[in-house]
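Here chain A shows up in two complexes: once beside chain B, once beside chain C.
Up next is the complex of A and B:
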């Protein structure tokens, strides 16, 4: 035991020695001593020598009061403990860490009487304000933010343990422009070209349609990016732009196929978004939100001046060409398909002129949800001239697709939404609301008259993504496709439908009392699936496919006849979760009240 | 002249005089001296003058209780030093951590010692509890000391838990958020307990302050008090548990009543201490023969501990046997913590970001068994089962009244009790291992390899 005791005591001694050595022989002391030695050798006057003689190694720090962290607290930068020659021009050719900080016109430094003068004095600005890194650290690993837990590694210098394929792209001092923009918020500040370019791309590539950045955009589809620069490191931003699903498996952000330079600009711009910055007060921020137009995004005339002259040129006649350019420039094809380019998120625009008319297109541009209630397409708030040009361009696309046998027609035109197997799970189905119809459900398909199915194909279904194919397919072809669906997907043969006792028009006159009664019935019977608001988002809705109908989808509801509403409510919709309410004791009169209630949704709106 | 000379002589002898005034006895060479050394030293006198040989067998206790105690002392010392640099404020705490790591002399090392010491203490206290169970040491008359021990275990957990928040990094914030949420699953009082703990509905400044005060003042005080009682009762319950045969008695007769001398004089303390020496070789049956002896005040206290008239055979002097053993445990504990602190840095993750929970957000490791159970059922995993477990632990000595098998590891006579406890231990350890290593994002099962 005595031996063990001796050994353990020895271990304690050794550890103490080690720790003490570590504590009293710092690397930074060596750097400082090296600096003193060399400065002494360079000293020309006695005053310089005596000043140096009085100096011994110590922790140096700059306390920055004007540009604190977390909105108000002092910033403590101890970087000059190692980088002690930072403001000593004699050390401009030394190796790091003694090398002096370069002077540069771009930083605002000026040559006065043959001597450089700094615009950003270290005593006022410190180091981490521009460079990031951890001001309190006293060794390279922690001070430079190489520790992967540290949220702000030296911007453009330290890449932590980031993805190997991005790493080299993220090492570039140009990224520091993001920090310049904390104070220099002017849009076209000459020293921050990357930020300006990124901002421009943010609009050009339509990022603003989905993402909100306070003061710049109001999109709600994607995550807000007002503080993206504070929350995320460069690698995360880069990855999210290039591979939207890398960090969020459910993201439906399209891949924009940007060049590396564009991504770099975007990332720098995003990195500069750190919430409230030094040059604006929260009051400015609040005012900006008050001034912003409520709908349709931001006023783009000011932010992308390039589009306005174009819009004016539109009147001159080159509208189609301009529209085409706009559609391309605005990354419409990041989601939509047009010809060979396919974003894989939204419907095919290749022959949009045959599917939609000018009015619809223009109205849809202005506010997609006015026409398709649950569309995910943002209202981009472009200038009206742009919309008109794009509308003109899209409605000029009238070349019908190559048609062939019904199977081929289905494959080329229907499968994008309804899926190759007809099961409603096409490539873009998850982005559509309501989902495309599952054509394999015989219960549904066979309970509808052939006329109605033909009409749905020919006229489309208003308020949904189903366009009218009347100008692409003739009745013959439509019937052919239907027949193909019937034999390949539905499989059950059609049986003659029972005639049902349903009134053509609502026998109950619409009145306040009727609507109130209808509301009561609705609240008792319908909210489980259709939701209290009737928007189809009731508590059971998630377990049901097809999803319960959004009864506030005005376009759709208005296109329905009273007869169809009565039939669906009284006798249910086969192949869906909608039961025949006549079996649960609803009378025709009660259904009449319900229909009046449903119709009343629309009255409040335009 | 004479006075003058004696003054100088006195001055010359001063160092020796100072020394002897502090240490009243030279290093002992006789049994009397050994007894006196333990008896008259403030720090040593909590020990008995003599201990049973069985007590100092290294593989019986493995020093786990002492390790826990020394770790506690280590934590108090390093904790006090850390307190000089810490501010319990949400805006400053993390910066203080950075300072400790970067600029404060020995800061990193202190923090490492405190961190690893805390983890080690949780483990040591738990292992100590296992030792006590598997040797059946909670049996009469040590029932209540077991209960105090369970209290100490819970306090240790709570101390560690409250300390976990103080660095105010992501690890701390989300671990406490999860831990406090587990408390919130209790029926009726859950939300109130959580609010009381956090001082808010979420972890924030109030919670930080509360945890700080609990961690640096309240819990250490209560712990110190309970540790004292725990130690006190070890002596009052007759020293560490041991098999009856370790006392050198022919057959187990713990309740043998010995004839007590009726007339007792209160003797000077030193003499009383020496008393056992004189009778060390006398068999207990010879008690009436020493009737005329003078006894110390200790002789008055009844109970099954070392006492006059029931002199244990199989004893050795605490000095040096016991003290050497304790020193050995101490040095080993300190060496272990020092080496670990030198090799591994205490974690410090990102500053708190309330909007960005890590996935998965994990509680401190010793609560990951709970969190694992919570993932199956919030109430049963977080409240029901733990409460039942703690209650059962507290009641162990009162449920198990079988007097057999004390003093042996895994005694055959305690097969059922030991098996049940072993299952309890293994299940909890397995749950902790699953929660620590096998749970990934969304608490889904992942392989650590």
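Up next is the complex of A and C:
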């Protein structure tokens, strides 16, 4: 018992002693003492000696008042507690932490009368403004931001517990240019070449089409990146650029196959986006918004020389070459397929000239959603000349694909969307809206006349991603493919279709009253699936495959005859969730009102 | 500890001067407990004094000697110090009034406090008003980077100039 007491009291003493040592004997004191000893030994003049006399270790801090962190709070940088020789030129060859900060032209330091003069004085700028890290930390773990939860580790030096394959790439002091760009926002500031290159890539690689950065781009498909540098660390940015799905499993951002140097520039550029400029006051920012034009559009310079139409026709060959260059430079192939390169997100462009005409291509470039209303392709806002060149190039792609037996034709041309099994789950199907048709649904396939199916293949389906194959396949081949689909996917043999009582054209004349009645019926009967707006996003729509039709898809709706609308509403669409409304008491007159209502959607627009 | 030992020590001390096992254990445990008690007291006392404080640091850089040509009297309100240079002699005088802590302003004759009319001469000695003490002088040194540093933590005698 007494032994236990004696041992316990000794253990307590040791613990106390250890805590005491840990709390009151710091590494930084040793660093400071080492500095004082060496500086005293180096001192040559009396002034130097008096300056050092009476100095004893204590916490040094720089309070930076000019560059607010959050809401006007001051930065407190205690880095000089360990790095005490930072501004002592005699320590330029010492080991860290006593080593003095190097001078560099790139930092704006100047040599005057044989002596270096700092541009950014530490007493004004502190340390964390450029280096990040935790200014108040007094040891390497906290001060350098090695703690996993610290949002700003020492930029380019500390990698926390990041992915092993990215770690070495993210240790590079060049990343600090991102912090230079906090104040030096000029586009081509000479000391921040990486940021400038990243900004250029942001446009070149078409990032701006999907991502919004305040004042630079207006894309809405991807997350806004105005504050990407504030929210994310380097590793997250790198990972998101290289492996878009690493952090969000549902991301449809394509892989851009960038080189490491390009990713580095992009990451630095993104890291520089912190939402605010430290050197600006809120008044400066407000003034800047007054100077800017209201529309925060992208200013892109045209790469096409301004030429008259005649000269352009003469230079058609060069236009094609230019278009090709533009298509390749602008990362179109990060999503689309062209020849051997396949982005795996968007349709094949290899023989686009056979599928689409110039007008469609040009219109689609200007505003993809005007023609395919649920397309995920952004409008990139390129100069008109570039669009024309790209259109010329794409419509020059007229080499038909290798054809063969119907099975082969299907596999090479249809399976990308409709899937090898014909079930509508092809490689790019999830990116298309509406989804490609599930060809295994016999209910649907066998309820349509063969003529209609042939027409869908030959002419395409307007407003969707189904192109017209008329210039690629002749009627015989189309029939062959249909036959192949029928025997391998549909499997059920076709039965003769019942003749139905459907008017050729809408018997109810369109009028205000008719449209109002149609709207009433629509609200009562259709909104559950087609949604209040008729955009196909009703509350039930998520449980239904194929999804309810977007009735505001103008291109599609305009391509439908009254007869087809009547037939679909009155007798339903077999193989889908659309019921035959004639069974629920809708009369032909009521359907006529509904059709008038649906047709009225587009009237306001064009 | 001693009390406990007395009450639990009924046996007479037979071997005076010799270390019994009991006595050794008593010494060991009391050394441990008293030792840790002393360390706790010391660490608590040290702990009371903050190691770093908010606000501007005590020692700060004011710039190169060339920035202060002869004859300057620059009051730095943020740091509450007035830099005075005459010829090669340079000094830093506090601008916090010793009366109630207002910021005194340099005047023709020295310093004047706007709050209660204290007057100081060029060297900070009281010439009028309620101020009880002269304005303190602070130590000025030359840092290795060639800039002057004022240390508000160290006061020096009036008239103790820094020679540029």
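The working rule: the second predicted complex is superposed on the first by the 557 of 606 C-alpha atoms of A that agree within 3 Å, B and C clash if a C-alpha of one lies under 4 Å from a C-alpha of the other, contacts with A are read in each partner's own complex, and residues count from 1 in each chain.
Just so we're on the same page, a residue touches a chain if its C-beta (ideal position, glycine included) is under 8 Å from a C-beta of that chain, and two chains touch if they have at least 3 such contacts.
Because the structure is predicted, anything quoted here is derived from the model rather than measured.
Can A:151 be said to touch chain B (first), chain C (second), both, or neither?
A:151 contacts chain B only, not chain C.
Per the contact definition in the header, classify A:119: touching chain B only (first), chain C only (second), both, or neither.
Neither: A:119 stays clear of chain B and chain C.
In the three-chain superposition, say which chain, chain B or chain C, touches more residues of chain A.
C
Now for A:328: first (chain B), second (chain C), both, or neither, which partner does it touch?
It touches nothing on chain B or chain C.
Report for A:50: first if it touches chain B alone, second if chain C alone, otherwise both or neither.
second
Just chain B (first), just chain C (second), both, or neither: which does A:78 touch?
Touch status of A:78: both partners.
Look at A:5 in the shared chain and tell me whether it touches chain B only, chain C only, both, or neither; answer first, second, both or neither.
In the superposed model, A:5 contacts both chain B and chain C.
For A:589, decide between first (touching chain B), second (touching chain C), both and neither.
The answer is neither, since A:589 touches no partner chain.
Should A:60 be classified as contacting the first partner (chain B), the second (chain C), both, or neither?
Second partner only, chain C.
Taking the superposition as given, does A:88 touch the first partner, chain B, the second, chain C, both, or neither?
After superposition on chain A, A:88 lies in contact with chain C alone.
Could you give the residue numbers on chain A that contact chain B in one complex and chain C in the other?
Residues 5, 8-9, 11-12, 15-16, 19, 23, 59, 76, 78, which sit in both footprints.
Help me check something: in the complex, which residues belonging to chain A touch chain B?
1, 4-5, 8-9, 11-12, 15-16, 18-19, 23, 59, 70, 73, 76, 78, 134, 136-139, 142-143, 149-151, 231
Quick check on the complex: what are the chain B residues that touch chain A?
Counting only chain B, the residues touching chain A are 91, 95, 98-99, 101-103, 105-106, 109, 169-170, 324-325, 327-328, 331-332, 334-335, 338-339, 341-342, 348-351, 353, 355-356.
Applying the document's contact rule, which stretches of chain C touch chain A when the two form their complex?
Its residues touching chain A are 22, 25-26, 28-33, 35-36, 39-40, 42-43, 46-47, 51-52, 54-57, 59-61, 141-147, 149, 154, 163.
If we count contacts the way the header does, which residues on chain A are in touch with chain C in the complex?
Residues in contact with chain C: 2-3, 5-6, 8-13, 15-17, 19-20, 23-24, 39, 47-48, 50-51, 54, 58-63, 76, 78, 87-90, 115, 118, 121, 123.
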